[in-house]
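There are structures below to look over.
Both of the next two complexes hold chain A, though its partner changes from chain B to chain C.
Let's look at the complex of A and B:
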C-alpha cells in the first residue's frame, strides 16, 4: 500500500528558561497508509498532542519532514499550506471550546466551506448535508456551541472537519471527554466515515480498549519518542517493552461488568 | 439503617429547577460508595450538598442530610466550617488547580491543617511527610518544598488526596478523582485511596463516569440519571446483573479490553 502520510525524523524542541531545551517530540518517524487507522497512545506529557499539531501544520517542527502523498509539506506556505489544511483536519478533545462561542455551529462550519472556495449561495445546503451525515438535524446549524450537548457539539466538530473533504482526520482524544454512551455513538460515526469515505485516521487516545477496537496499528509514545510500534494486538496483548506492558496492565479490571466479551 | 452520612429523600433545586429528586442512601464507616451516571445527571451536586457548597443558586428544597447526628441543611456557615475538611473531606478532579500556584505545597498543607487544629509548622510537616512515606511518594521532602506546577498532574492529585486525608476525615468525597489521569497513574491513585481506606477506615463517596473505576473501588453503587436513582445496591449486583435498563445501557456502552 502506498503511504498517504510519511513522517521522518520529526522533532520539536521547546526552549525552557534556565534549563536546556525540552524535546517534546524526539526524532519520530512513521507512515500512515490510505484507509488505515493509526493509534497513538502514551501517558500525558508524552508528546502525543504536539505530534498531532506538527502533522497538521499548526506548529512548526524544529527538524524532520512530513510528506503528504509524497510531497514535502514541512515548509508549505500560502496556497500549498491551505491545500494541506484541506487534506488534513483535526478533531479536538473539547468540542465546545473548538467553536467560536459567539457564532452558531452553522456559521462555524460555513466558514470552512467558504475558505475552501464554496459559493456563498451553496454554503447553507452543504452545512445541512454535513450535519445530516454526522447525525444532526438541520436546525442544529442555528444553535450556539453552549446550547447543545457535548456529544452533539462533537458531531458538529466532525461535520466541520469533513467540510473540506479531508483524506486524513487527526482525532486528539476526540471522545475522551464524552460519556460512555455518547462515546460509543461518536466512535460508530468515525467507523462509518472510515468505511464509506476511506478516511485515514491518526487516532490519539489514552483509552486502550477503544484503541484496540478501532485501530489497525499503534504507536506507543514516551517522553517524545516512539518506544513501541505494531498492530493493536501485538502492542496490547504481547507488548515487547516494559512500558507498553505497564500501560496494558493499568487498564481497570472490567470483569465485573455485564455481558462478558 | 443508620449511616455515618445519610441522605433522606433529598431534593435539590437550582433557581427553581429540580436537579436532584428524592435521593436516599446511607454511607457506613469504611464503605466506598460509587456514584455513576452521565454528565449532567447531578452527581457532583449530590456531593456538594453534603459540604454545604451548593452556592447561591442551589438549595436543598426537601429532605435531610445527616452527618454524625447533625442535619447539614440546617447548619449555619460557621458550623459547616467545622465539618468541612475535618469531618468530611473533599478532593476534586483537578487537584492541581485547587492548589494555589504561587505557594509551595507544604505551606498550603500546613495552612489547611492549622485551620482545624492547633499545630506547629514542624508538627504538620512531620505528620505530612509520614503519610507521604506511607504512600511511597518518591522524594517526599522535595514534594513538600515544591510549587504545584513543578509536580506532574498525577503527583498533584496524590498530594491533594494526602492533604485531605491528613485531617483524618470520617468521610472523603471524591469527584472524578482519577478521570484526568492517564491509565498507569489512575491505577496508582485508586490503589492509594483503597490503602487509605484500610489504614484509616475512612468512608468514601466516589463520583465517576468510568465504570472501570467504579468496579475497582466501590462496595456499593448508585446509578443516577437526571437527578433520580435508577439503581442502588451492592457493586457486584449492580455491575454484574443490573436490574435497571438504563444501567444495562451504560454498561454495554463501555469498550472493554480483550486480553486474548
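Let's look at the complex of A and C:
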C-alpha cells in the first residue's frame, strides 16, 4: 500500500525558562497508509496532542518533515497550507469549545465550505447534508454550541471536518470527553465513515480497549518518543516493552474492578 | 423553598433588565435633548445684553444670566451638546484605536507587541490628565486638541483589555478549527476574535463616557479645552468661578449639567456591565437549586 502520510524525525522543542529545552515530541517517524487507522496511545503529557497539532500544522515543528502524498508540507504556507487542510482535518477533544460560542453550528460548518470555494447559495444545502450524514437533523444548524449535548456537538464537529472531504482525519481524544454510551455512538459513526469513505485515521486515545477494537496499528508514546509499534493485538495483548505492558495492565485492572463490584 | 429561590433569582434578573431599560431610556432622553439642543434654547446662547447681566433665575431666564447677559439655560444646553458630543467622539476614538492595537498586538506577538505595549505602559505609568494637559497645551487649543490629548493617554486601557482577551482566545480550540477551515488571520480576527472580545470592551467604553466627560470639562476648566465664547460646561464654570459666592447660579448651572450627564452615563455603564456579567448569563435553569437539593 502507498503511504498517504509520512512523518520523519519530527521533533518539537519548547523553550523552558531556567532549564534546557523541553522535548515534547522527540524524533518521531511513522507512516499512515491509505484507509488505515493508526492509534497513538500513551499517558498524559507523552506528547500525543503536540504530535497531532504538528501533523496538521497548527504548531511549527523544530525539526523533521511531514509528507502528504509524497509532497513536503512541513513548510507549507498560505495557499499551499489551505490546500493541505482540504486533505487533513482534525476533531478535537472538547467539542463545545471547538465551536465559536457566538456562532451557530451551521455557521461554523459554513466557514469551512465557503473557504473551500462553495457558492454561497449552496452552503446551506451542503450543511444540511453533512449534518444528516453524521446523524443530526437539519435544525441543528441553527443551534449554538452550548445549546446541544456533547455528543451532538461532537457529531457536528465531525460533520465540519468532513465538509472538505479530507483523506486523513486526526481524532485527538475525540471521545474522551463523552460518556460511555455516546462514546459508542461516535465510534460507530467513525467506523461507518471509514467503511463508506475510506478515510485514514490518526486516532489518539488513551482508552486501549477502544484502540484495540478500532485501530489497525498502534504507536505507544512515552516522553515524546515512540517506545513500541505494531498491530493493535500485538501491542495490547503481547506487549514487548515494560511501559506498554503497564499501560495494557492498567486497562485490564480497571476492567477487573468494574467486573467484580 | 426551592421554587421561591428560583422566583427570587428570576425577579433579580428582571430587575437588572428593568434597570438597563430605565437607564437606556434616560440616556436616549439626554441624547435627544443634546441633539436638538438648539430647538430647546429659549434664547440665542451667544446673544449679549449687558443691561440684563448676572440676573438671578427668574421666569424669563430659568437659570439666570451670566456676566454678559447671556441666557444661562441656553448656554447650558449648548454647552452640554459640546461636552457630550466631544466625550462620545473621544470614547469612540479610543475604543477603536485601543482595541485595534490590542488585538493586533495580541495576535501577532513579537517585537510589535513588545513595542506597542511598552508605549502603553509608559502612558499608564504617568498620571493621564497631566500628560493630557501637556499635549493639549502643545496643540493650538480648542476642544479638538483636548480630545486629541485625552485620546493619546486613554487608549492603553482598551489595548490591554483587547490584548488579554485575544491572548486567551488565541489558544482556544475554535481558533485552531478556524485555521483548519483555511481562514486567513484577518478572517480569524474579524470573524472570531473581535466578536468574542467586544463584551468587556463595550462595558468599559460605556463606563468611560462619564469619566471622559469629566476629564474634558476639567481640561476646559483649566483653559486647555474649548475656548470662549464657545459654550462648553467646563469653561463656563471656569469663567464664573470668581463669582461663586456672589452669583452662584453662573457656576452651579453648568455644574448640574455635568452632574446629570455623568450620572446618567455611569448608571448606564453599570447596568450594561451587570447585564453582560458572565455569572448572570448562564441560563441553565435550576443548576444551583439542584445542587442544594442533593445536599440537605
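Convention: the second predicted complex is superposed on the first by the 251 of 261 C-alpha atoms of A that agree within 3 Å, B and C clash if a C-alpha of one lies under 4 Å from a C-alpha of the other, contacts with A are read in each partner's own complex, and residues count from 1 in each chain.
Here is the rule we use: a contact is a pair of C-beta atoms (placed from the backbone, for glycine too) under 8 Å apart; a residue touches a chain by one contact, two chains touch by 3 or more.
Because the structure is predicted, anything quoted here is derived from the model rather than measured.
Undergrad: Taking the superposition on A as described, I'd like to know which of chain B and chain C A:101 touches: first, second, both or neither.
TA: second
Undergrad: Touch test for A:2: chain B only (first), chain C only (second), both, or neither?
TA: neither
Undergrad: Can A:207 be said to touch chain B (first), chain C (second), both, or neither?
TA: first
Undergrad: Which partner does A:58 reach: the first (chain B), the second (chain C), both, or neither?
TA: The answer is second: A:58 touches chain C but not chain B.
Undergrad: Of chain B and chain C, which one contacts the greater number of residues in chain A?
TA: B
Undergrad: Just checking: does A:160 make contact with chain B only, chain C only, both, or neither of them? Give me first, second, both or neither.
TA: second
Undergrad: Is A:89 touching anything from chain B or chain C once the two structures are fitted on A? First, second, both or neither.
TA: Only chain C is touched by A:89; chain B is not.
Undergrad: Quick one: classify A:112 as touching chain B (first), chain C (second), both or neither.
TA: second
Undergrad: Return the residues of chain A at which the contacts from chain B and from chain C coincide.
TA: Touching chain B and chain C on chain A: no residues.
Undergrad: So in the complex, the part of chain A that touches chain B is made up of which residues?
TA: Interface residues on the chain A side: 42-45, 149-150, 179-184, 187, 206-210, 212-213, 236-237, 246-259, 261.
Undergrad: Can you name the residues of chain C that touch chain A in the complex?
TA: Residue positions touching the partner: 172-174, 176-183, 191-192, 195-196.
Undergrad: Mind listing the chain A positions that touch chain C in their complex?
TA: Touching chain C: residues 53, 56, 58, 81-82, 85-86, 89-90, 92, 94, 97-103, 108, 111-112, 115-116, 157, 160-161, 164 of chain A.
Undergrad: Tell me, which parts of chain B touch chain A in their complex?
TA: 38-40, 152-153, 181-187, 190, 209-213, 215-216, 235-236, 239-242, 248-260
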